[in-house]
Amino acid sequence: MPLGAFPTMNGSVDEVLNRPYEECGVVGIWGAADAAAMTALGLHALQHRGQEAAGIVSHDDERFYQHKGLGLVGDVFSDARVIGALKGHSAIGHNRYATTGATLLRNVQPLYADFEFGGLAVAHNGNLTNAATLRQALVKRGCLFQSTTDTEVFVHLIAISLYATVLDRLIDAAKQVKGAYSVVALTPTDLIGLRDPLGVRPLILGRFSEGGWMLASETCALDIVGAEYVRDIEPGELVVINGDGVRSLKPFADPHPRFCVFEYIYFARPDSILEGHSVYEARKQIGVELARESGVEADVVVPVPDSGVPSAMGFAVASGIPFEMGIIRNHYVGRTFIEPTDQIRNLGVRMKHSANRPALEGKRVVLVDDSIVRGTTSRKIVDMVRAAGATEVHMRISSPPTKHPCFYGIDTPEESQLLAATHTLEQMAEAIGVDSLAFISFDGLYRALGHRGREEANGRYCDACFTGDYPIELVDKEGKLVA
Amino acid sequence: MPLGAFPTMNGSVDEVLNRPYEECGVVGIWGAADAAAMTALGLHALQHRGQEAAGIVSHDDERFYQHKGLGLVGDVFSDARVIGALKGHSAIGHNRYATTGATLLRNVQPLYADFEFGGLAVAHNGNLTNAATLRQALVKRGCLFQSTTDTEVFVHLIAISLYATVLDRLIDAAKQVKGAYSVVALTPTDLIGLRDPLGVRPLILGRFSEGGWMLASETCALDIVGAEYVRDIEPGELVVINGDGVRSLKPFADPHPRFCVFEYIYFARPDSILEGHSVYEARKQIGVELARESGVEADVVVPVPDSGVPSAMGFAVASGIPFEMGIIRNHYVGRTFIEPTDQIRNLGVRMKHSANRPALEGKRVVLVDDSIVRGTTSRKIVDMVRAAGATEVHMRISSPPTKHPCFYGIDTPEESQLLAATHTLEQMAEAIGVDSLAFISFDGLYRALGHRGREEANGRYCDACFTGDYPIELVDKEGKLVA
Amino acid sequence: MPLGAFPTMNGSVDEVLNRPYEECGVVGIWGAADAAAMTALGLHALQHRGQEAAGIVSHDDERFYQHKGLGLVGDVFSDARVIGALKGHSAIGHNRYATTGATLLRNVQPLYADFEFGGLAVAHNGNLTNAATLRQALVKRGCLFQSTTDTEVFVHLIAISLYATVLDRLIDAAKQVKGAYSVVALTPTDLIGLRDPLGVRPLILGRFSEGGWMLASETCALDIVGAEYVRDIEPGELVVINGDGVRSLKPFADPHPRFCVFEYIYFARPDSILEGHSVYEARKQIGVELARESGVEADVVVPVPDSGVPSAMGFAVASGIPFEMGIIRNHYVGRTFIEPTDQIRNLGVRMKHSANRPALEGKRVVLVDDSIVRGTTSRKIVDMVRAAGATEVHMRISSPPTKHPCFYGIDTPEESQLLAATHTLEQMAEAIGVDSLAFISFDGLYRALGHRGREEANGRYCDACFTGDYPIELVDKEGKLVA
Amino acid sequence: MPLGAFPTMNGSVDEVLNRPYEECGVVGIWGAADAAAMTALGLHALQHRGQEAAGIVSHDDERFYQHKGLGLVGDVFSDARVIGALKGHSAIGHNRYATTGATLLRNVQPLYADFEFGGLAVAHNGNLTNAATLRQALVKRGCLFQSTTDTEVFVHLIAISLYATVLDRLIDAAKQVKGAYSVVALTPTDLIGLRDPLGVRPLILGRFSEGGWMLASETCALDIVGAEYVRDIEPGELVVINGDGVRSLKPFADPHPRFCVFEYIYFARPDSILEGHSVYEARKQIGVELARESGVEADVVVPVPDSGVPSAMGFAVASGIPFEMGIIRNHYVGRTFIEPTDQIRNLGVRMKHSANRPALEGKRVVLVDDSIVRGTTSRKIVDMVRAAGATEVHMRISSPPTKHPCFYGIDTPEESQLLAATHTLEQMAEAIGVDSLAFISFDGLYRALGHRGREEANGRYCDACFTGDYPIELVDKEGKLVA
């Protein structure tokens, strides 16, 4: 489809409600040479949080510059002239992931707008739970929407706020939205960071040794550009970064941490440190707990790469069963490889994973993976492992059963499609074709994160995808739209 | 520039004020099979009104479909699948021309927006003279602008109007804008056409024999799809077209015709009939009047193709001097051919025109062109004709001297760059290197259009580019911005 | 289809035999600054000879540079960096036209090859009549073909020639091929031009006032870069251009002129001068002869633009009937506009031409066109003219009836599809729906070219498409392949 | 650079000599449904052997079909229509890697040519050592070269061979070339596979359970399409595959195995089985031998991912030191990410690898990698590991020191740039900044491959990059060109 093709448009609230939930990464730089290039590198380090589009807005004390595109950071910013045209010492950037083909260029963040008080660029990681409700009210008021992103709701709220300063307007907007949001924003003078009152999504503050500040979704983005970790932005905290340093505001009445536990299990990069915990160590420790809880007699422990590797290592160490790379991941898999016939479609998961027969043949295998969603991928992997000669396959999962969808920024199918929501453990084991199946317990999970167990951790994490305990009101979903 | 690259952004009113004036063509179809394809064909016939971008929005009783792109209509809609995806029996389309490289995709019309009352698509030919003033006020009110087009001002006024129906909102918006505008708009039920109270830009109504209606900037767009001409939309008239036929509204207090005389001289296609006059006949008749007013002894009458052809034919017939195609136009000239060196740049106009030496050598030549703007092109053509052996060159121009810029939708440079604004007739003749120079008189011009002369035509046309008599207030230009 | 997609390949001789005949333009420059840019401009002036692909090879005394692409010259060479990368003071270029979608990049000329004696680039306008026969012999000998062009046959013959110098090898090759060929070739030291012994296709020599030489298919290519016309290369002449000037060789035993008369009628640009005759004057004079031979009572003379314009002017002058632009050509027609439905397909020719109703309504019309091939286009134009209100339509054609295909470089359908090959004059008139139809006589045609009539011109032109008298043996066609 | 841009051309033998050495993967399918799709999947599994271009030629009993492109297999064949257009039950394919930007489309394999006896497509993995010498002779003879690949030398030798059948011609050609070559070729009836007399590069035979045969560089390509491993093609063996099954020819006098030992160490995929050995097991066993030979007191064993992982695992098991993923690889690194400033360039290797601080901080680290080439990458990784807090870094390399370039198909820099060629072990340790450095011994390496040590393996592998003992004559390099 040529430049500018928008397949269809439709203003119905239904579509907005059913849009794919976004997973994202954000970066902000203030006061550093090559701010746009640094931002691009940070986005590159956060590529695992969103691979379908990327954008950067920079400012050079005179004007804003912008570049956005569909694809990986390395593709969108592959031309040195593009980076060179993004002048200035401050910049914000965004990676975007969406589950359908509907990724339109107009949805790519950061969003930029001219206001009475000047320009403002905004990028955001997370999901608003009252976006559709607010959008309906804003449209009623005469606001014109150009995208289907939550971020534009934010921007309109800023535009129509009666407060005078951009800061007060941003706070005004933040108080009206509900949901998970880690926001970075850029004005002609300031870099602003904001985390929702529960701090569901991460946001990290870093500093350059030669001066200048950095905000990013994960510490791995600081590492790639050599920025030093300062601290995590606190839940409900707003930071204003400029020549005077970092000013902290706490505009919310009752912030308290409910950090997303799934960031530890799967979503964050293993070399990141979130809320003081090493993601890698957390995953390894879950493997240790899993081995204690659900040990089994076997010949090899095999991870489903890459996310299952640390847990499998922990399981192997704790169980004494040898660790083997029994499954090889093909790192050249793009999203574009079209499988043209039924015969080939059946080859399925083998595009991404292949069995390492010598490590599996004639072995009793403990297979360690991070989660079971629909179960179809698990089934294919189990079949592949058996076809390579495994005599037994015991699946161990480093998360509790995923029974509920996420509304806070992780892409998950609806409840009816989650295997654990509709099957007992035994039925699940049968569905994926394993000899035994076990998930980490809540106690084990939270012990691995340094608590004494589930009770102690209670109310300190968002684990709604496992428990259904949603800490932020699901306004749009609960039909308050029509109210 | 890669997908999605917006070189720079800047919200300053200055830039908005200095934006290139747009020349455009619009088409609307209601109740016809293949509405989008018909619209594309109509835009193709109107390609001379704008070559840099094209767009179509269609509706199929359920939803809107949109496709836009930079380039000619035939390029933007070259793929049958693109046209096929624009479903429905109603559609509107737009051709756009802009004089600088700043043609951004987000500026391409029609503009579409979701309103509380449903979707609306709007396209517009002309120029608002208070667009910057209104824009400033709208931004102050919290409106977010995505483009730099006048059309978006219109759309925001519709969005914030307190009237209930889309029709009342559209009229409300129309009453607030000043300028030249021929608008086509599409709602889920209606095709709407609107001409400003002076009817500066054309808008024509046509009908399909098998049912269905068409609006277009010129009759040549009706001809290409076999639609029958019904009538010109009247100045200040708004038509609502749907299953009940064509309903006419006259929302303005004091409409009266001030049709753009330059449409006859240059801008419209010769086979179009505007306000009851054949453009081709008008141009030929101007040539006749020119010969009467400014006859000269010569051997050949040579047009500067293509726009000078009919006037040169009229001149030849009236003067008895043979008509010759002494200049050949190269029809393959694209806009993209970059001339890399000074030497080649000096070859200049020869990219588009070449001298037909046998028709010029040793001849006294009457050269007929439609207008002199900066004079640089005229100079190059005269030099080329002399280099081909013409012994005398007498330039005859089928318009009065262009002394003032147009603010109503024709791209012209500012006054200081108009040769006629700063030179006497003798100085102009010298500047372009001719033996004699004459422009059509106002009396001659209006006689050619069927009036008894200038007096009778007075106040019935907009001829501001020749007279400086601007019939519509130049709000933005006159600095009312700061008021 | 992505870069490098070759839909299918097939080595059969049948396909090679049935390949589309090519129409082409060639340019060569020696000893001029900006040689590649000058070549691009020359190709631009020759764009009417081939619009589907363009290529340039240059040499800077050290190495060769090459750029080729599909599309118009202005598109292929739109980037100043591309022209800039084609360094050197000598260059050759080629425009290519092919009638089917099979234009592959590997077929785009000039062809370049490394030989034992160094590099050589070759481009050619025309058609070899023993290309398939030679190709078969070369393949048998172990030659590998990369393209389906005649030019590659030439290049292989040069490669395997036993002569020592490139010049002798080129002559050796030329003596083995049969057909129409105007060749330009570039070696590290020389620009070479060669015209076949009958000189069927044109080739012109020009000179730059500041030094340097130019070869081109037509004089219009000299004009655009300001080169002075020196002379036409003679039939069978080979010129070697380098620092010593222009050396002329006559390697063929019996050269004599059989210049293609269709170049005058249709193919060449009107402002070109070929073999001493102005194309424009020739066409006008044909119109004069037509009026004398086939005068008719009528109200207007209307050309089918653009090629019919000069003849119609001549007809009008000779007959005293007013000349009118009753048909307008839309110059924005690209090749890519896909007509998606039957309804729209029926609108047919109107994409390119539209009727100018005021010049046709109620008139008896003499319609002047250059030729009738299949008759379908003529029929559509006649219908359009009648629909615009013409009361009578008299078609006058500025060529004799086209009864035979061309094998020498003009694209024509096979005999069975030529209307004149299968219909009497009366049947043709009925088929295209005119009140009367007349073609120029051979006597009239050759009188218009300055001869006393057909007899005097006999054997001085190739008019095989009208007479079937093919002056060059049709080796491939006549089945000598199997011999 | 647009379609068809070939930056420069130059026929000098020097350039041909200095062309980048190619690493490649090949696939062939005979008698299987969806042969092209299967070939694409096989190439996808072999993507690690070449990432810059891919091509497939298929045959459907009537004609050949071809598609080639620059980029990954998944990009070149991303469009289902492209695969769909490659009809037939037989196909061959090729992945290509080249170290410079000079990857031209015309160099992409398979090469196809029309011969007297019909069409033939050829693809080849390896490097000829007398390609330039042969090429010079062929050009002298009148052969035209279109590419700079060794494969085209092969194809020309086939074209000019005096033998009658394609098979005899192929053998004739094979006897004239020297070097490492695993060739797959496709005729209208047969799939042909050929391995050079020393079998330096791998070539595997597989079978589909539902009928049909497959050739591939590695067994992992069989696995992805579910083909069963039959056997390795033998050194010097030529197989002809058609409806009669697999016919084996042994055209060479003295074949004997000298398989490339570097395929085990680095180049092949770990899940492949080559010459009966599991690559994964071989690598793990090298790690075991390394630990035995060069044990060191440390806290963690850390692989440089991905190729260092199995050896590090073996080292960890044998040494009892815990295995940790102390370095994380970013799998989204494309080749296109341009690092725009010096500051960013210095960040270097961090684009691809990042330190996992919690696994390194305060630890004595054994770092396991597959080889040291220039040493620059090693230095950056060591620095990164130290910056993450490692107190000691001990580097262990799973190959002997790389002291000589490969001329048989593995891309290596010239000798002067190989760190081991110019430095002692102590100097190397200092250059890369480690506390200790050890390479596997030859005895250890060959023990890991199942031999009793170096002596037993002597003459059974090509280990020229470590020993300088080149088993195939380096004709071009040794200046026999001028003879």
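Things worth noting here:
Going in written order, the chains are labelled A, B, C and D, and every chain counts its residues from 1.
In the analysis below, a contact is a pair of C-beta atoms (placed from the backbone, for glycine too) under 8 Å apart; a residue touches a chain by one contact, two chains touch by 3 or more.
These figures come from a predicted structure and were not determined experimentally.
Work out the mean CA point of chain C and of chain D, and you get 50 Å between them.
The centroid of the Cα atoms in chain B and the matching centroid in chain D are 62 Å apart.
In this assembly, the C-alpha centroid of chain B lies 36 Å from the C-alpha centroid of chain C.
Multi-chain contact residues of chain B (touching two or more other chains): 79. A ring topology is adopted by the chain contact network, closed into one cycle in which each chain touches exactly two others. A list of each chain pair in contact follows: A-B, A-D, B-C, C-D. Touching chain D in their complex are the following residues of chain A: 33-34, 37-38, 41, 44-45, 47-48, 51, 72-75, 77-80, 83-84, 220, 223-226, 269-271, 273, 278, 280-281, 306, 309-310, 313, 317, 322-325, 328, 330-334, 336-341, 343-344, 347, 350-351, 354-359. By the touch rule above, chain B contacts chain A in their complex via residues 2-11, 63-70, 76, 79, 82, 85, 105-106, 108, 112-116, 118-119, 139-146, 155-156, 159-161.
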